[in-house]
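The two complexes that follow have chain A in common; it is paired with chain B in the first and with chain C in the second.
What follows is the complex of A and B.
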């Protein structure tokens, strides 16, 4: 077992080293594409970390992403970069903690609606503050961060997220979450502190999303609420995680990578019909792959007996 | 059985998708000057881009190609356009530009619509050494940005300048005893409204105007009647609204209904749109707004006619950034022709130092910005003329007091 883990670790390290060389290619377009791939990989994986095992569908990705981006907009020129990132992570964790404590008792569709509303709430709060207190709307981010720096930071964050996800899955916390996902009432009866488990994971996942927002912010120079809190991010991350399969740690990557490439291809080749095609693809995913690509792999690798058992269970 | 039915439905959906794709095959001919742009065809910026930017890009390309193309040395080469949708999204805009530069290898790039997106693409265009002619961005950091990115040109000026010109005009009118000194000001709680109101507030107070009303309203406010009624009760001499198109229309309509008819009635973005005249007809007379152009100049008259003829539905340009956008394209063309080859560094140099003959008159940039702008315009007899700054060539005298509203 430990030999397998060591082998896996070595492969992952080698892949990481290879990926770290992407900025050396010297093509800004490929670098931009790679940044986009990593951004969605981290977001979707972080989303899956919480929503996969607990089956709570969260549309709050944008809210945390925006908090991160805005932290950079406010503090970017004042504090040194590592401190800015730390502050962003802390803010994300605090917001997630408060939100988690107050809402994770909600279930099903109420939670979805709340998380969607959360994005709008935070955005309106930022607008209110900027209009009435600071009297500027739209901030400038002039920090000395190159595209390659952004890429490397995202790569490091990707590695950290996978390591974290792997550790959590093997911990008591991960097991508790799986039980909650299967049946929350049973989990409670088993003596699991369900609220603590859910809030803890929600906070970890949200902190990662906040960091992505903070790392990405220097790419745009100019940040205003409508840019930082663009709700499209929530939906894209959700559909990526669903395509990949949120019940596995490595599932969301299988959705994030092909979909990011597909979005790129579509907006390059069909700029005017992009949204129509996107809608068709979403329909196809939901109809054809209800358990995502990860589910498809699992299905293909199970034996005929396993298949029969699955059918019997369904 | 259910599974089978859903599969079939899915296949049907797939077939529909395939049919949609078939309709949009892209064919591009080989030509010599490749010009690329990413513009908002979807998302919140669509309205602005569709009125001000896209028609002018299309008009210019059509006209240049009809004349044989851009003159490089002693031969003319036609323009080939590569365009994308930035979906009103900063990240998308940056990536589209990186694609234009690295994959499509375009020779020149035309900027996106709006302040936010122009700022977002600034660093990329600067790094890659492309000229950046921002014709639809109003930002107070323009002078600083022009220094930071010497390839960028900020043709629409700063909001501080806009507020200053308006207050200067009010000052002059008060000196002429045409208005008193009570001002009511409202602004939209968004970038534009906040920038302008925070510049106008000190300017008005320094000029000893009495600010009787000073409030902001959120984007998307449907009912502006309470604001208008409250202002009417104060009976101000001057009404200033730093508003966006939907609320510009709503405030005007509500003021007409409530009979708020101060001596100076000024509204924000959208006042200069042809739509405003369509909606209010005779009631536009005397209304002031941001923007304006020299409506009497033959170049502008000619531009208006060409724009109307070329646009799909005979649409007119707006009377502010449209002409500036078209002028920026003329400047780019003249700079390329003077350089005589695809040499972006030389073209940037020429834009910084040269003099250009455009629809808005002779343009010579100083520190990458024009030296004159139209900041206040007024509807006079069905045309939106520039009235301030008064020293601009072609400035008309203001009609004050504003005539009474008439029944539509």
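What follows is the complex of A and C.
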């Protein structure tokens, strides 16, 4: 087993080293595309980390992404970059903690409703604060971060997310979450502190999303609440994670990569009907692939394995 | 002060009307409909189109739009949602599936409306003159909308408590499994209730369009407020809907006139959380466990 892990780790490191060379290609379009791919990979994986095992649908990806982006807009010129990222992560964790503590103790529906409105709520609060207190609406981001820097930061975050997800899945927390996903009442009776487990993982996943927002912020030079809190991101991340299959750590990537490319193509070709197409793709996935591509692979491998076993018995 | 309270009550009546349809859809048909607000905006656009294009008064428009919405929602339940109901092993799974499916539907409808009407804000002038009411000046269209809201609410309440079909609907809300034992056709009742909820939200959309400006993307806000009212009042409870709607409207109007109009959503959520922390099943809901 440990040899397998070592082999897997070596492959992952090699892949990481190869991916780190992408900015060296010197092609701005490919770099921008690679940034989008990484952005959605991290977001979808972070979404799946919480919503996959617990089956709580979170619609608040944008809220955290926006908190990160807006933190950079406010603090980007005041603090050194690592501190800005730390502050953003801390803010995201605090917001997630508050939301989690107040809604995750209750049933899943309240959580969905709250996350559904969270983006709008935070945007309204930010607008209110900017209009009344700081008296600026819309800020310029002048930080010394190049596209390649964004890419490398995202790549590091991607690696960190997968490592974290792998560690969590092997820990007591990961096991507790799987039990909660199967049956929350049983989990409680086994002595699992369900609220703690849910809030902890929600906070971790939200912190990652906030960091993505913060890292991506320098891509725009001008940020206002309607740009930072664009609800399309929540929707796209949700589709990607569902297509891939959120119940596996590696599932969301399988959705994020093809769909990012597809959306890139579609939004350029059909800017006016893009939302409709997006909705139809989403409906197709919900109806045709309820367990995602990962679920499809599992089904194929189990039926193939079953047939092989049958043949061996005969 | 009286003015703020009166505004709040009218706003609250509107929220109660908006939420009545959702409490039927979620409480009886067990469909958590995230595309609810889009249907409201669609009806508002229909009313706008009838009024500006054909000079048809919204009150007449109501008689056209509401039956159409009923048929449309019935079809949506039969075609889109019945497969999910069949597939779901239990109520929680159906909830997740219906959330996802209607979330996707939200974007389809919103995209259609954006393609048809663009992103601009729409409004039209209907009964837009001031009248004296309880010593305060209010707009006639708001007052008319409130009157129709009250009539619709009373009719619905009577239908649910006084008729045989209404009793069947309430039985399904309490226990869909046991309802089958007393020869209630649960799938049929669910479909009809879902359609009725859709008809109610269409009525709300027509009424709202007479006094509010709306755009293709403002459905989300209505969905959110309806959800908050439904959960706060207790799922499937008409009286809870009314009380929670009024509470929401009042708090919003008071905050808007005394604190800051930019903080209404924050107040909504604060109220929502406060109620849930004290009574997790909502104001009039029964605890399930």
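Basically, the second predicted complex is superposed on the first by the 295 of 314 C-alpha atoms of A that agree within 3 Å, B and C clash if a C-alpha of one lies under 4 Å from a C-alpha of the other, contacts with A are read in each partner's own complex, and residues count from 1 in each chain.
Note that in this section a residue touches a chain if its C-beta (ideal position, glycine included) is under 8 Å from a C-beta of that chain, and two chains touch if they have at least 3 such contacts.
Just so you know, these numbers come straight off a predicted model, no measurement behind them.
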Partners on chain A (chain B, chain C) - clash or fit: fit
First (chain B), second (chain C), both or neither touched by A:110: second
Partner chain(s) touched by A:3 [first = chain B, second = chain C, both, neither]: neither
Partner chain(s) touched by A:300 [first = chain B, second = chain C, both, neither]: neither
Chain B versus chain C as contact partner of A:21, first or second or both or neither: neither
Contacts of A:78 with chain B and chain C, given as first, second, both or neither: neither
Which superposed partner A:270 touches (first chain B, second chain C, both, neither): first
Touching partner for A:287 - first (chain B), second (chain C), both, neither: both
First (chain B), second (chain C), both or neither touched by A:242: second
Angular separation of chain B and chain C about chain A, which is computed from CA centres of the superposed model and rounded to the nearest 10 °: 70
Minimum C-alpha separation between chain B and chain C after superposing on chain A, in Å: 5
Touching both chain C and chain B, counted on chain A across the two superposed complexes: 127-128, 131-132, 272-277, 280, 283, 287
Contact set on chain A toward chain C in their complex: 55, 57, 59, 102-103, 106-110, 112-114, 116-117, 120-121, 124-125, 127-128, 131-132, 231, 235, 238, 242, 272-280, 282-283, 286-287, 290
Footprint of chain A on chain B - complex, ascending: 6-7, 9-10, 13-14, 16-17, 20-21, 23-24, 26, 41-42, 44, 83-85, 87, 89-92, 94-96, 98-99, 101-103, 115-116, 119-120, 122-124, 127-128, 141, 148, 189-191, 194-195, 198, 216, 218
Complex contacts: residues of chain C adjacent to chain A: 32, 34, 80, 83-84, 87, 92, 95-97, 99-101, 103-112, 114-115, 220-221, 223-224, 227-228, 231, 260, 262-266, 268-269, 272-273, 276-277, 280
In the complex, chain A residues that touch chain B: 27-30, 32-33, 36, 127-128, 130-132, 135-138, 140, 142, 216, 219-222, 224, 226-227, 230, 232, 264, 267-277, 280-281, 283-284, 287-288
